[in-house]
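Every chain is named by a letter (A, B, C, D and E) in the order it is written, and numbering of its residues begins at 1.
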Amino acid sequence: MIEDILVVIGMIMIGVGAVADLIAAIGMNRFKNFYLRLHAATIGTIWGAFVPLIGASLVATGCYCLGSYRWFVTGGGIITAFLVLILAPAGSHALARATHRSGLVKVEPCVVDHLNEEMCVKEG
Amino acid sequence: MLLVTALASIFSVIAVYYAIMEKNLVRAVVFSAIQSTIYAFIYYMLMAPDIVLVYIPVAVGLYPAVILILISKTEKVEKQ
Amino acid sequence: MDFSIIQSFIIYVLPIYMVAFVLYTIRALKGPTISDQVLAIDAMSYDLAAFLVVLSIFFKEPILIGTAIVLALWIYALDIYIAKYLEKKEVGE
Amino acid sequence: MISLSTYLLTIIITSMIMNLALALYGIFFKPHLTKKIIALTILGDTANTFAIIVGYRRWVFSNTPSRPPVLVNYTNVSQEELIKFVNTAVDPLPQALVLTAIVIGLAVTLFLVFLALQIYRLYGTLDVREIKRLKG
Amino acid sequence: MKHVLGLIIILLFIIGFSLVLTVAGNYILPSQEIRSLAKYYLYLAYNPWHRNFTVMSPEAVTSIVWDFRGLDTVFETAVFYLAIIGSIALGRGIVKYSKPSGKLGLSLIVKTVTRISAVMIIAVAASIALHGHLTPGGGFQGGATAAVAPLLILIIFSHYYLLEKGVTKDLMLFLRSLGLTGIGIVAIIVYLMALPQGIHAYVLQNQPKPDSSIGLPAYIDGQLISGTLWFFNISEFFAVMAGFTIVFLLITIPERAFKKEEEVERQ
């Protein structure tokens, strides 16, 4: 019984991850600016990667059909989820900081930019 | 499942085309990284986990670093 | 629970993932600047890691999971290299 | 005889041939040495992919996937399971050859990078057309 | 001249492409069967009923790499060794450079995350290498995975941080020599064991063969180690990791060290 509940919860999480992936990919194409696309990337990594990884671990825990190696899937999924959780924000941070410092992408349209006023391109 | 692999291989052709034709060398390295990621996925779908395990560190982790170090020590743009 | 239910569920989820990957790849190929491209590769690869885990359940092959761990580790490295290049310092310092 | 999976496998092989042709074009006609090194890595990866495709086994039935060449439950394995494993796994020999080829390709690429760096230190350029002194 | 070469390439492409299209269904495309040699390898990789032929490793790729085709891999390790030696010969030189003042490396967040992830990289690499005979993995995979950790530290902290931590060129050369020596010793260890007993044995022998009854044990303390495969994997792990680390230490020497040397030479 408890195994069935775990499998159903895991499948729901995998489905949520797929939908979040689609939303993030659409946002990645629709947003106009590098700094705006960072939001879409965060949706894609946390909701689109972390959640289905935990879901897959739950499915593997509850399903006897994978045999005795299913704990391998559980452990690997949780380790991967932890790695995504710590590495993805750090990578995005390094990339955004380097981009802003090098002046590669202007902030446009902009209200205020406290870090560097020259990067701010006011609208109109 | 082969449908997914065929789609990935078609996108790899586009990535290789841009990587060869691009004048800016840093962007060429980035296109080469896209190609490496797609190839890793193709190896996975062809049931070769050993190759994926050795290909991802080499082609995603080490090739771009080495070539970027070379670019940063020498020239950035390919002249026409 | 029966394994065929999980398998058919994953088959229904699969096209959503594929559309997402195609859109990510379009942005990665098109992106106006280098940062956009790297960001798109970044998001695509983390999602690919999750997708590989889902596929290893679909194939019923638990040993394929090691590839996902390695993929999640190395995409971080690509971010760092490009960031270091954009900071315009010499690489060893 | 003609099936969807045959068509899809032909698409994969045709794309790989296209990649090979593009990489050869890059090696021959692009003047910059860094671009030549990038094209060389792509060429090596594509050649490795051909070897993997040769060793692939098509799915026996539509829902019985071919397996990686690793025996999962090795403790108290029975004869029937071993025969089933032999009849569903892919070819391990190309994978073993490609495995060493990738690492050695990286070592050779590192050697080429050092060579290019030395050329830049001596001549101040990496463009093949401008390295006049290398001629003759 | 340039156009002639291009035309030759295009013609060769057309010829090869039509060849593929002609014989596609028969030879190039994979079928539902594999070659009988591959079936032989798969059948004998882990087979308790044929103790005179098996490798006792459930992973067919590692058993091919280090047992069935072991000599190939030893020679490829030699090629790898020579390529690294060539890189060292090109990259070295008597250079003296000092640590620059000021802040080195990337931001604090990235540094903190890297402190955690570098440890995890080494752990994952070690697990890949040590379980190489049971699950996908092995010496080459583990070594290539572990070589990215020094590169990340070089880029995120600095060249000097790694040197201050004691990871120098000489230490890595020592580790690499240790790995290569290990491969050499393990390759002939069964031969050395058989020599005093007067038994016939082969180089790179793992399990007992039909005409030589000696071999390394497959199980130690109930754990499957597959004879020589485990030792080969560990040695190759150290050789590959240390070899790549030397090259990265050499390639990130700052460029001003070489420029100063040239100016001194001109004067």
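In this section, a residue touches a chain if its C-beta (ideal position, glycine included) is under 8 Å from a C-beta of that chain, and two chains touch if they have at least 3 such contacts.
Small disclaimer: the values here were computed from a predicted structure and weren't measured.
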What chains do chain A and chain D have as common neighbours?
C, E
Between B-D and A-C, the pair joined by more C-beta contacts
A-C
On a C-alpha centroid basis, what's the spacing between chain B and chain C, in Å?
14
Distance between the CA centroids of chain A and chain E (whole Å) is 33
Can you compute the centre-to-centre distance for chain C and chain E, using the mean CA position of each chain? Integer Å is fine.
25
Distance between chain B and chain E based on Cα centroids, please, to the nearest Å.
21
In chain C, what residues contact two or more other chains?
34, 38, 60, 62-64, 66-67, 69-70, 73-77, 80-84, 87, 90-91
Counting only residues that touch at least two other chains, what does the list for chain A look like?
67, 69, 72, 83, 87, 90, 94, 97
Can you list every residue of chain E that touches 2 or more other chains, as numbers and ranges?
61, 106, 110, 117, 120, 128, 135-138, 140-141, 144-145, 148, 151, 155, 244, 251-252, 255
If two chains touch, include that pair; go through all of them.
A-C, A-D, A-E, B-C, B-D, B-E, C-D, C-E, D-E
Residues of chain E touching chain C in the complex
100, 104-106, 110, 117, 120-121, 124, 128, 135-137, 145, 148, 151-152, 154-156, 158-160, 252-255
In the complex, chain A residues that touch chain C:
3-4, 7-8, 11, 14-15, 17-19, 21-22, 24-26, 28-29, 34, 37-38, 40-41, 44-45, 48-50, 52-53, 56, 59-60, 62-63, 65-67, 69-70, 72-73, 76-77, 79-80, 83-84, 87-88, 90-92, 94-99, 101-102, 104-105
For a test of understanding, state which residues of chain E touch chain D in their complex under the given definition.
2, 5-6, 9, 13, 16-17, 20, 24-25, 28-35, 37-39, 41-43, 45-49, 58-61, 64-65, 69, 72-73, 76, 79-80, 83-84, 86-87, 90-91, 134-136, 138, 140-141, 143-144, 224, 240, 243-244, 247, 250-251, 258
Please name which positions on chain D make contact with chain E in the complex.
1, 6, 9-10, 13-14, 17, 21, 24-25, 28-29, 53-60, 68-72, 74, 77, 79, 82, 85-86, 89-93, 95-97, 99-104, 106-108, 110-111, 113-115, 117-118, 121
Complex contacts: residues of chain B adjacent to chain E:
49-50, 53-54, 57-58, 61-62, 65-66, 69, 73
